[in-house]
Amino acid sequence: MTTAIANPSADSDIVIGSHVLKSRLIVGTGKYATFEQMQECLEVSGADVITVAVRRERLVDADGRNILDFIDLDRYTILPNTAGCFSADDAVRVARLGREILRGLENPGSDWVKLEVLGDTKTLLPDPVATIDACRQLVDDGFQVLCYTSDDPITARRLKEAGATSVMPAGSPIGSGQGILNPNNIRICMEYLKQDDADYPVIVDAGVGTASDVSFAMELGCDGVLLNTAIASAKNPHLMADAMRQACIAGRQAWLAGRIPRKLYATASSPLDGTIS
Amino acid sequence: MTTAIANPSADSDIVIGSHVLKSRLIVGTGKYATFEQMQECLEVSGADVITVAVRRERLVDADGRNILDFIDLDRYTILPNTAGCFSADDAVRVARLGREILRGLENPGSDWVKLEVLGDTKTLLPDPVATIDACRQLVDDGFQVLCYTSDDPITARRLKEAGATSVMPAGSPIGSGQGILNPNNIRICMEYLKQDDADYPVIVDAGVGTASDVSFAMELGCDGVLLNTAIASAKNPHLMADAMRQACIAGRQAWLAGRIPRKLYATASSPLDGTIS
Amino acid sequence: MTTAIANPSADSDIVIGSHVLKSRLIVGTGKYATFEQMQECLEVSGADVITVAVRRERLVDADGRNILDFIDLDRYTILPNTAGCFSADDAVRVARLGREILRGLENPGSDWVKLEVLGDTKTLLPDPVATIDACRQLVDDGFQVLCYTSDDPITARRLKEAGATSVMPAGSPIGSGQGILNPNNIRICMEYLKQDDADYPVIVDAGVGTASDVSFAMELGCDGVLLNTAIASAKNPHLMADAMRQACIAGRQAWLAGRIPRKLYATASSPLDGTIS
Amino acid sequence: MTTAIANPSADSDIVIGSHVLKSRLIVGTGKYATFEQMQECLEVSGADVITVAVRRERLVDADGRNILDFIDLDRYTILPNTAGCFSADDAVRVARLGREILRGLENPGSDWVKLEVLGDTKTLLPDPVATIDACRQLVDDGFQVLCYTSDDPITARRLKEAGATSVMPAGSPIGSGQGILNPNNIRICMEYLKQDDADYPVIVDAGVGTASDVSFAMELGCDGVLLNTAIASAKNPHLMADAMRQACIAGRQAWLAGRIPRKLYATASSPLDGTIS
Amino acid sequence: MISIEVNGERRTVEANCSVRDLLQELGINNRYCAVERNLQLVPRELHADCRLKPGDRIEVVTLVGGG
Amino acid sequence: MISIEVNGERRTVEANCSVRDLLQELGINNRYCAVERNLQLVPRELHADCRLKPGDRIEVVTLVGGG
Amino acid sequence: MISIEVNGERRTVEANCSVRDLLQELGINNRYCAVERNLQLVPRELHADCRLKPGDRIEVVTLVGGG
Amino acid sequence: MISIEVNGERRTVEANCSVRDLLQELGINNRYCAVERNLQLVPRELHADCRLKPGDRIEVVTLVGGG
């Protein structure tokens, strides 16, 4: 048994809509120094799903290299996001453009999207109303929608009601590295989203700064973690990628293992009887 | 490089006095349901060092089994503790008795001890004065002394001055599962103990409740973590042992990798230029 | 000067729309054991504004007493809420009914309302979309709208855009007594709401459990605090009312006074030179 | 009753050895821009006891003014400290010198001392062993000893055993402004010190940054708070002095009043029945 | 007599009965309450003129303790 | 020649030029991009048949690193 | 026979009995234990030569699970 | 004249000079200070009788602002 347990593959897969995944860590592809560094970090992270953004093709390009030349499309399921959109309509347009590209690449990621509708260019915090609106439109258009949102529990519930395949509350603002600032809200989100639907996937998206943040998120019972900056902007991205890979498994296992309760103080780990006198 | 990094053995060893170890996780042997369960969890934890206590032999014994029948003495370095001692003199006596047994077993652990001198039977918190006193006596007697202590920075400094091979501040009370309650004190302990002596081993001992606590301790720059109850009393000890193994590596790697700074909010992980309009 | 400062009235008034108030503490009238107890606690709290709910008249009433018999309408400005409403339409109806009653009473509170549109009967968390919708309708109908909302910063911003006279983020769920769980979000709300509009009133509403929670909210730079359960359900409501009164002033003064910065450690408060040797 | 409660003098006095005091706030006299500013802030703070340090008289002095010219010796009980001492012997010498001066001044403070024996000039953290040693010597010499110490619970217990009249754990390092970093330790200190001795005075000394820190300390059940830098180094010391005065009373009252319990979420403060439909 | 609903309870009142008549019959202090008829507020000054019709849904509300 | 807008920049192309012609002219790997014409997506299979008209607003997008 | 105390319990043993004899009598695996006589450790190599005296206080300890 | 040390500074004073004489010479308000001679406190009431000897180490302290 022990060896089975020691092997993360012993854990159940995470199911997000029609996608069945081994790794519970989803990583972004932004902010790397080079495409090669990105490629290596994706590998070390052990992720099955990687996020990408949709942008205007530069009409004149420095060296003509495209990120797709550095991504193994047979290995990774691509999750296109709608980053940079500040209205529901723009988000819907971008989601369709991303789908069109992924269809051409015959990547399984063509049927889903990470929906991001932002409310402010400075903080990049999500806009609840516009996100719910865009979610409805994209669900009607056949997308499996993974919604980036704040940790507001009622917004999370409304997104699920709007047909979201997964709700992805932020632990703290994108790239802030503050981890999960309000575990209480995440707990209430879980209560809402998993009520009579234990397998509904809840993924913490944004705010993670270091390995313990990832473990902590998983220990709350979340199904996965999505991050980018914490790896890409670490001093040593490769090493941090490996740290995140293991922290995600460790946190998941700790949740499954059932931690000891917190107490004000002490219970002996060495027996007290039989002490010499 | 990536694969090297993915392999924890790429990390430098931890050196505690004359002991050079691969694993930075030290686990206890108490509170397990059965010796077999203990044996399996030690294996899964990946620990090189395991702690044991010294107790009066029961003159009449139920089934005559001894914990030593379940410990691979060639694989593990045993770290005997002085748990249950409430005076410096008792701690010194117990340390010598433990050494005598380990010498007979020809285990490398015969030259060191985990010094525990407690101040209260209820909370099992350590007694600073008696611990410093016992540390001096044991150092004079040739022991390499690893001192369990509170997170009080001046006590930590005094213990090092008294010749402690390692200072092991508690994150929170033994078995309380509260993790590291005062990171500020641990940071000051580190400043003191590693001043002009960067390799001096500082190990968080006691209080760990779950995987993220271990990662967090390592992310503070600690050299290792010692725990027992968090694994032995988890609902599924095997799974928690594996979680702790990986959390320790993850936290260590995250520390080495250099985390991103914390900010009030947001920096985009997707580029903002090139968005459609 | 000192005596002036010692006197809270030395502080500037808080201006909420057309209402100019001395006290920055707004208290509710619910959950008291008796009307007499409520009456005394309102007095001790020093509040100028008190909140009430609108409910169906019991057609047959035990002792025929009405809360209005216990409220000095010349002293207090009544802030009617829309508690118990789960849709924008119900909230608008209730707001109008409350206004109609207060007009009849000729109380200055007839021109404003505390808007509450809840998303869940169990947690009583606010519904962002419905609250924004109701806010627009009520502003069009001439109300000065004080919006109870979560600490989601974008929702806060949208409410101000919708014409809210004050945005009142929750520190934590109503009656949970957890204080301010995410100061980071409150800080960002302040940044948004007070940008080029420093006097825009931001009031922490809900979640306060004890005096230090109130001081802490004011020390974040909030303009006021609204609470009810923390006083009404304390073991000794009178004493807690007085505690809250002073904690609100203390927190406000501490914010105005400009606190010392946080440091890892120590700077001597006694001079180090001139020590004997 | 309400007015009685509104009046802090309704609270029981705090008894520290032979000293019976109204105010639970003890303030220092260091770090003020001018003696006049100090004088005013002491007044605003409402303190009955003020701390001073003992230093070598400058043989040639700028303007020949002495702090004692600015302290009303009939109003304040002076608590001389042993700040700047790094050994038990120096602390004992300084305590005796302070007593000699206060006897000459016929101030009631001549029979007590705030014992401070520091372990490090950089962090100014207290030395547990030397403090316990000095406490014993001073108690033998007839002093009522108020011991500044870390929040280590066993050290606190040892100090009481050594005869300390009051134990004064630090919330965080002197002047760090971090408030109470480890409430858990303060709670255990209280359990130890007040066991079968409910009136034993426990005073939080050092680390306070702002008003809510003081309230929080009192809400833990502490008997008083001692601070200096938080007022003297605030941008507006007068205003902060008043904030601290009220925060101390507010926190004390909140503790006496009995706060509501913390819950994950919500209980309605407005009744849910009788809502319109 | 006509049948109406008051705060969710069925009730019969005089034909041609006004809102003010209803409040008097209910013994409610007019000053402390507000009235809705079929989801529309009936301002106090119209209570006397507003005649109830069969099937009218009336809400009579007052202020209670709240936060 | 007709004048159109491509990713916000004015440009003149052959009259009767198709989306596929445009991409070739731009030297863009068709496989890596998607095209919008006046806010409407132009599916890849229609690139050849979709003829540009004067004033058309064309967006050509690809995938980039993102989180 | 002489009377001694072993791990806090009174016990009578042969006069002239050695520590090693005692352990054998107790059926204890010598390899897993350490012995104290009147608070002084008795090294394993001296077990055979160390003769017990009346009133000796003997502690026999082993290793157990601990943290 | 004899040589003593006052608060760490060398100083010469009249032979047979008392602590009180020293304080007067230093212009120190007796009421605000306390004096140590060779690590021993000299109570105020003995200042007049306490004669300084060559090499005496004197500490004169007062109260200052502190926390």
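In this document, chain identifiers A, B, C, D, E, F, G and H correspond to the written order of the chains, with residue numbering beginning at 1 in each.
Throughout what follows, contacts are C-beta pairs under 8 Å (C-beta built on N, C-alpha and C of every residue); 3 or more make two chains touch, one makes a residue touch a chain.
No experiment lies behind these values; they were computed from the predicted model shown.
The minimum number of touch steps separating chain G from chain H is 3. Path length between chain B and chain G in the touching-chain graph (shortest route): 1. When each chain is reduced to the average of its Cα atoms, H sits farthest from chain A.
Chain pairs B-F and C-D differ in how many C-beta pairs they share in contact, with the greater number at C-D.
With centres defined as mean CA coordinates, chain G is found 96 Å away from chain E. Taking each chain's centre as the mean of its C-alpha atoms, chain D lies 63 Å from chain E. Centroids built from CA atoms put chain H at 94 Å from chain E. Chain centres here are Cα means. That of chain A falls 74 Å from that of chain H. Annotation for chain E: residues 8, 36, 59, 61, 64-67 touch two or more other chains. Chain contacts: chain A has residues 28, 30-31, 53-56, 81, 83, 93-94, 97, 123, 125, 173-174, 178, 184, 188, 228-229, 264-265, 268-271, 274, 276 touching two or more partner chains.
Under the contact rule defined at the top, the touching pairs of chains are A-B, A-C, A-D, A-F, A-G, B-C, B-D, B-F, B-G, C-D, C-E, C-H, D-E, D-H. Residues 184, 187-188, 264-265 of chain B are the ones that touch chain C when the two sit in their complex.
For chain B in complex with chain G, the touching residues are 28-32, 38, 51-57, 59, 66-68, 78, 80-81, 83, 93-94, 96-98, 100-101, 103-105, 174, 206, 226-229.
Within the complex formed with chain D, the residues of chain B that make contact are 119-120, 123, 125-129, 132, 150, 152-155, 157-158, 172-173, 178, 181-182, 184-185, 188, 192.
Interface residues of chain C, counted against chain D in their complex, comprise 1-2, 5-6, 28, 30-31, 40-41, 43-44, 53-56, 58, 81, 83-85, 90, 93-94, 97, 121-125, 173-178, 209-213, 215-216, 219, 228-230, 232-240, 242-247, 249-251, 253-254, 256-276.
Contact residues on chain G toward chain A in their complex (touch as defined above): 8, 36, 59, 61, 64-67.
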